[in-house]
Amino acid sequence: MLSKKNDYDSGGEPSRKKIQFADQKQEFNKRPTKIGRRSLSRSISQSSTDSYGSAASYTDSSDDETSPRDKQQKNSKGNGDFCIKNIKQADFGRREIEIAEQEMPALMALRKRAQGEKPLAGAKVVGCTHITAQTAVLMETLSALGAQCRWAACNIYSTQNEVAAALAEGGFSVFAWKGESEDDFWWCIDRCVNLEGWQPNMILDDGGDLTHWIYKKYPNMFKKIKGIVEESVTGVHRLYQLSKAGKLCVPAMNVNDSVTKQKFDNLYCCRESILDGLKRTTDVMFGGKQVVVCGYGEVGKGCCAALKAMGSIVYVTEIDPICALQACMDGFRLVKLNEVIRQVDIVITCTGNKNVVVREFLDRMKNGCIVCNMGHSNTEIDVASLRTPELTWERVRSQVDHVIWPDGKRIVLLAEGRLLNLSCSTVPTFVLSITATTQALALIELYNAPEGRYKQDVYLLPKKMDEYVASLHLPTFDAHLTELSDEQAKYLGLNKNGPFKPNYYR
Amino acid sequence: MLSKKNDYDSGGEPSRKKIQFADQKQEFNKRPTKIGRRSLSRSISQSSTDSYGSAASYTDSSDDETSPRDKQQKNSKGNGDFCIKNIKQADFGRREIEIAEQEMPALMALRKRAQGEKPLAGAKVVGCTHITAQTAVLMETLSALGAQCRWAACNIYSTQNEVAAALAEGGFSVFAWKGESEDDFWWCIDRCVNLEGWQPNMILDDGGDLTHWIYKKYPNMFKKIKGIVEESVTGVHRLYQLSKAGKLCVPAMNVNDSVTKQKFDNLYCCRESILDGLKRTTDVMFGGKQVVVCGYGEVGKGCCAALKAMGSIVYVTEIDPICALQACMDGFRLVKLNEVIRQVDIVITCTGNKNVVVREFLDRMKNGCIVCNMGHSNTEIDVASLRTPELTWERVRSQVDHVIWPDGKRIVLLAEGRLLNLSCSTVPTFVLSITATTQALALIELYNAPEGRYKQDVYLLPKKMDEYVASLHLPTFDAHLTELSDEQAKYLGLNKNGPFKPNYYR
Amino acid sequence: MLSKKNDYDSGGEPSRKKIQFADQKQEFNKRPTKIGRRSLSRSISQSSTDSYGSAASYTDSSDDETSPRDKQQKNSKGNGDFCIKNIKQADFGRREIEIAEQEMPALMALRKRAQGEKPLAGAKVVGCTHITAQTAVLMETLSALGAQCRWAACNIYSTQNEVAAALAEGGFSVFAWKGESEDDFWWCIDRCVNLEGWQPNMILDDGGDLTHWIYKKYPNMFKKIKGIVEESVTGVHRLYQLSKAGKLCVPAMNVNDSVTKQKFDNLYCCRESILDGLKRTTDVMFGGKQVVVCGYGEVGKGCCAALKAMGSIVYVTEIDPICALQACMDGFRLVKLNEVIRQVDIVITCTGNKNVVVREFLDRMKNGCIVCNMGHSNTEIDVASLRTPELTWERVRSQVDHVIWPDGKRIVLLAEGRLLNLSCSTVPTFVLSITATTQALALIELYNAPEGRYKQDVYLLPKKMDEYVASLHLPTFDAHLTELSDEQAKYLGLNKNGPFKPNYYR
Amino acid sequence: MLSKKNDYDSGGEPSRKKIQFADQKQEFNKRPTKIGRRSLSRSISQSSTDSYGSAASYTDSSDDETSPRDKQQKNSKGNGDFCIKNIKQADFGRREIEIAEQEMPALMALRKRAQGEKPLAGAKVVGCTHITAQTAVLMETLSALGAQCRWAACNIYSTQNEVAAALAEGGFSVFAWKGESEDDFWWCIDRCVNLEGWQPNMILDDGGDLTHWIYKKYPNMFKKIKGIVEESVTGVHRLYQLSKAGKLCVPAMNVNDSVTKQKFDNLYCCRESILDGLKRTTDVMFGGKQVVVCGYGEVGKGCCAALKAMGSIVYVTEIDPICALQACMDGFRLVKLNEVIRQVDIVITCTGNKNVVVREFLDRMKNGCIVCNMGHSNTEIDVASLRTPELTWERVRSQVDHVIWPDGKRIVLLAEGRLLNLSCSTVPTFVLSITATTQALALIELYNAPEGRYKQDVYLLPKKMDEYVASLHLPTFDAHLTELSDEQAKYLGLNKNGPFKPNYYR
């Protein structure tokens, strides 16, 4: 649910070229270890998970080492159609879910509004996402709207065991635990899909693995599937590849690129998480620090605004003249990295590009310089180039390495160049709420769409529904929307209920 | 050149419905007075003009009252193919042009770069725009690139006479003066177009009147015309109407909606001009003032950011939930107008809508409340509703009226509800530079496009040229763009020279 | 009332050394022309005056050229004890006063609260200040509190003639007009003081000229004078000199250094007027501009904050390490002027020092660089060094000179190096209100103080009265102060009604 | 070293009345447990300590449970004059010290500059402060300048054991460990003071306990003591009490109230730590949140600026009209708490007062409201009033309690109302550097002052030395100070080397 952050930052649609889905079998076979691949591209870091599910840690440690696959567990109603770490943690997980509910007002409102009509009555949703308290609120909302759900984790590390327990206790068929093996991962997905007498008619995916598995193993299932809702960059691009190749056999909804989600995941969320991530790892004082931010897309804009507000002096690098001009007008010196690399205290990458900070630059940084990445992948900083014999690595805290040059100079490298905000800060529930609400609406839309509205293609959520997601979040801020009068609506040539903006509005 | 500001603010494409171009003859005949129509929708106010051409005023007053049409004037080379106020003001106008050149680096760079190849060699451009120092820099650039130009004013008030004189002295066929009559206006346009042995092949229009005239009077001329470049909202919408009706007979370039122009004309320019306009008219102190801004599109965002930065407490009203949520995240209370109308010190409209501030609200404002409009038209504030017998109007300064209620309460109405930034502040040359550069590039593109690239339709400037306009303005800020390495370009799937972003990027 | 801005900026108490008052006769004789001296140090510029009394200009022009001293005028009640330009402008002036009243809520509140007790009953106040609508509100307040007033202008240019007329019509003995000669100036002061049967007992001075005159001509008058209230830097320093020399023979109240006044005149007012002054003179766009601000005292802090907020890139120079560190923490690069002088677009001085921008720096500025002064005096920029034969001066607008180097480089010099905010912007009435309220309270305090509370020395307004001035201005902002409970006051060791802070609090 | 934060915030000198030192014996006896008292007023929280000395935690857990007092340890040179947890952690502590050195450039510069002359040669300093890496840098600096040092901890929890080990290994007589008992605490202090053949001549104290102990046990020692340097509010006020009572027998330097320290500890540090503290405890999203900040002193100003910059809507309460007016001008609505208490999402106290947030307000807060304290003491929020049977307390994380009302409403109470920034965030080393440098300079000043310069009173650091501390920190920011020319210094009446500002400058 977290990994689609930060795309389109600066390089347009950078990853479209990176992902090959053409020969699916081959790609699947190529994956050497689930862990390796995942931990780079989509994982929610361990520390991050812990911080918003602090309970997890100590209960985990008291658990036995038996694999969940080898345990027989039943919930209090005698139901055993799930596979999780420990059903006894259910109460604990329930509290976490209740706390999350408070910050997810839109889903709660959706439950209320749609309760009467049950727009998902008859829906059989198979899902594969991070299993967290926020996901639980989504699942219980889908259920309240009439859907049946079976669920697996999209990441082998990110499951909050106590939340999984609460879901199982509540009657959901959940197959997930923290620390799955590669084999466990696919086993769990298979258990969601492959059940005597169960034929899913909706897919909710995050990363495309569930979709991939059904394509590979149960292609006939697609005959009854009404649509796919996918929210990660990676998954969305796989779908576009399928579509291009003429192999997409159901409509798919691209949740990742909705306006609301983009603005929240990138601009607004990064504005806060850059500060949080730097503080938690280094306790650095921002005032007076010289910082260079590489890339002035939405993520870069958020980082720059926050640091400027805290009294840092911020330089920006850009390749795109339009973003460059925006940086100028917003009050940032536009430089090339080599012009300032010797003087800056902090280097932040958010370009979506690779090799933005290479060894040559790292060599010229001053002692104590902090280097981190807020961008798409872990390739922006050429961390590999630092793995040479003359440099000493010293792990000084979790997620913080000192890389020491022969002359004693230290570079402070955060999260080994992975996404700082995922590794070292948390994502506010409120941001996740926007994504989850969008997912729920996308499911409703696809499930109820009249024959023919959607073809075998990838769609963006209709503008109007994007606006609806936004409107469901306004009460949180006690915000009061103005309504158009009939006369005004006519004057503007708009429907009083929207959509109000062209699709490309950002 | 100034009037297309502030569209798409909040209501998408609000004006598309407002402009009827279907029956051209009828529409033309309906126009009662040139002055009336113009002064509302497109005029640059007198005070505004004066302030950046301060010279104009006193030379004007010393002028005789003879109509330019009745004078015979020749420039120093004996050329008399122009009609302006007074050729003797040429030196004076030349200085104004030279000052403008300093703030229009992109056009000057264009002159240099394109000098060798003369990409407009053979172009015969007929133009109809505001005649200001900035336009002169554009015209002289077109000339340097090889074009012949004939020019009229798009507004009966906005011509800087001394600049027109300098252009005439420089050999340009200019037909324009400050204070034209309706009849003069069309006469001037006709003189541009209708000359023995002159057949224009390019049109540069601002407002669509020139285009309209040719359609009406010389439809055959379109056979040799390669394209139209139009920069106003009004003109662009007329073109879309023509296109829809299948009557557009040449390609047209919509300069108004290019990213760079939109951001500069709306967000960045309004951020400064809201402060300027309020100060010049009222000398109000911003610190601690309570302000409500109606509409949180680009214009509203600019106004809110500026006032917040100056210590005002800003409330926002919106109809669109997405913009509403942005306002919340940017730290503004989202309210309905009636919730705050009694307490605010300043009311600013920027919605693109009509009747946003109606009499009912005006009745409830507190004594001394300032009311002004930064939005699309002069209909946002229902000024007409204030023309009732029980209210006294008192003109206290140019552009400033006190409207006085029977109980002594005064409302301070600025510019009679017309655009504050056009009426009471100036537009920085740098902003005009971006528009002018875009116009020049659009002319070059259309003139040189291979047969078939553009059909009889309305086009946006190719993304890449938009980026080029931006890049030409970076040196002003001593801004240094980073270049992609081959490896990075490949990774991103981009051409090293752009375009770097999808078309919808804002 | 305007001139005391910007002291103590950066250099502590810079002017204390500059003013010699020792030999008064000599100093007086030395003054060559009233105009010359005044126009540099204390004058409110013509343009500035006009902009908030726009009426003045056209009525003036219709006036005859007879000196007011040669006219016999009476007001409608037959009273002729005044000397002004034209009593017929009284209605006009009344409206200006009424408008000012709306922005001076504290004085109006003072009128109401103190009406019953008439704390100035018996006071005979002789005053010498700028004669503006704001001063009129002050004078009429003093009158409402029981005082008799006679008034002259402290500046030969700053009088608003129509306001003087309204005051004369209202029965005040005013001796002032716009455009006095040096001789007129002293004649007017003398007419205020020297009247058969009139013995003033309070002095309200702005600049020290009135005090000086009485010292010189009527030293015996001091026997009945209860105190002096002085509000300008210059005047205050003269008083300190007198006190030091043991020649001060009555208590004096230093209004200039009260907290409220300092913060408003410097930090808050300059934050707005730097933008206003630059826009009105140059229409420059702030976004992306590189600016160097010399001095990071209150004035510098205000300028920097405003420009940073508008998207400028701001550098700071300082001599004081504490202010320097503040600049760093607030996010500004601290540099020496020579490090950035070649690259900046705008240079602003606010140091209170002399020769901060010398010819050497002016020679190295880039083409189009704007140079202006927000600091104490007109010596910060070495303007004299630009009066050399090889440089051409070109006046392009009021208050704007282009200084042109032989190679064509132009520097844009504003207000010939005088205070930008006094010359090219206006001071909001609200700021003047704070000063005027402080003056009124100081008069009340001195007039009613029990014998012995004040000796023949210079005093600051008691902290508690400073807080009272502030509290009188809170209702303007609909601001609600919290009151201490008895228990809380006891806990803090404070009186519930203040003072709340130590004297040195800023 | 951390506790002096936040005084003078809003209530002048709030604590002066709170601290009774008159009968010292009695007060000492009254203290029931060292832990209880300390943990409220001066402790650095456990979590906070851990985060900047992460190493400590795991080494501690592997330690045995033997009391250090029962161990015999020697360092590698055979010296055993210390009492710490475990000398084997020395290497580890050395690394922590080296990291701290990088952020304490001023002390390092001081070492270099003063190395030749050894200004503390002969000084025998007995100290009682937090024992952290930053203190170690201070101690080693004092040693480099010629002093001998013996040291104890001023807090039973705050000692970083590995740093104590490194100091012991380096030859310092340190008596401190994490988790001392009340008895241990005084035993350690006594060991510092009471050594055969050791007579301290300087005291460096933080909280006044060391001073108290010597007064109580070894009053004769003061005969040879040249002065006391004290840096906490509490300690400073004890000294003022002693002075008032005529019992202070040596000069004392009040480090707490130096400008640099005040601005850094309050405004600049709190601007960052409010965000950090809220994020680490609650992961709350700031954008759009409504926040009320009680008190607009330096701490309140810092909190408000940060939250406004992050997109929160901030209300302010104040008792002082001057601060209230500042809040207005800075763009905050000034309200009484009861006007907004129902609508806000976050309540922050920083008044220095007691019972600012009482049960009545807590009852009316909305569900999920976060309540925390950034002010002086733990009495601002009436936490005791929440300890009633009908409310349920739930500890959801370290430092985070949910207090649950019978109707299910939850209040999120942070740090049980203690200082948020000390309990839940860290203090940047750079801030500590300023304090430590000031302490070092104060010691040098007192030690070298000629007879008679200082009497038996409490002094502020001379302005010039305050400026020197600032100047030593400028190189960190690559900041370049401008120097006055002789002519300029003369003009301003200043010494070229300062002091540049009056003492009261803030």
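Chains: A, B, C and D, in written order; residue numbering restarts at 1 for each.
Everything that follows uses one rule, which is that a contact is a pair of C-beta atoms (placed from the backbone, for glycine too) under 8 Å apart; a residue touches a chain by one contact, two chains touch by 3 or more.
Keep in mind the model is a prediction, meaning the values are calculated, not measured.
A.B. asks: Please report the smallest number of touch steps linking chain B to chain D.
C.D. replies: The fewest touching-chain steps linking chain B to chain D number 1.
A.B. asks: Using the touch definition from the top, list the chains contacting both chain B and chain C.
C.D. replies: For chain B paired with chain C, the chains in contact with each are A, D, in label order.
A.B. asks: Tally the contacting C-beta pairs at the A-D interface and at the A-C interface, and name the larger one.
C.D. replies: Comparing A-D with A-C, the pair joined by more C-beta contacts is A-D.
A.B. asks: Can you spot which option in B-C, A-C or A-B is basically B-D again, with over half of the contact pairs the same by residue number?
C.D. replies: Comparing each option in B-C, A-C or A-B with B-D, the repeat is A-C.
A.B. asks: Does the chain C and chain D pair touch with the same residues on each side or with different residues, judged by whether over half of the numbers are shared?
C.D. replies: The interface is built from the same residue numbers on each side, given that over half of them are used by both copies.
A.B. asks: In whole angstrom, what separates the CA-based centres of chain C and chain D?
C.D. replies: 42
A.B. asks: So how far apart, in whole Å, are chain A and chain D when each is placed at the average of its C-alpha atoms?
C.D. replies: 40
A.B. asks: Between chain A and chain C, what distance separates the C-alpha centroids? Give it in angstrom.
C.D. replies: Computed from C-alpha means, the inter-chain centre distance equals 58 Å.
A.B. asks: Hunt down the residues of chain B that sit against at least two other chains at once, touch-wise.
C.D. replies: Those would be 268, 287-288, 310-311, 328-329, 333, 477, 479.
A.B. asks: Provide the residue numbers of chain D that touch chain A in the complex, in ascending order.
C.D. replies: Residue positions touching the partner: 51-52, 54, 99, 102-103, 268-269, 271-272, 275-276, 279-280, 283-288, 290, 306, 309-311, 343, 367-368, 396-398, 410, 425-426, 428-431, 476-479.
A.B. asks: How about chain D: which of its residues touch chain B in the complex?
C.D. replies: 287-288, 308, 310-313, 328-333
A.B. asks: For the complex, which residues does chain A have touching chain B?
C.D. replies: Touch list, chain A to chain B: 8, 10-14, 16-18, 259-260, 263-264, 268, 317-329, 333-337, 339, 352-356, 466-468, 470-471, 473-474, 477, 479-485, 487-488, 491-494, 498-506.
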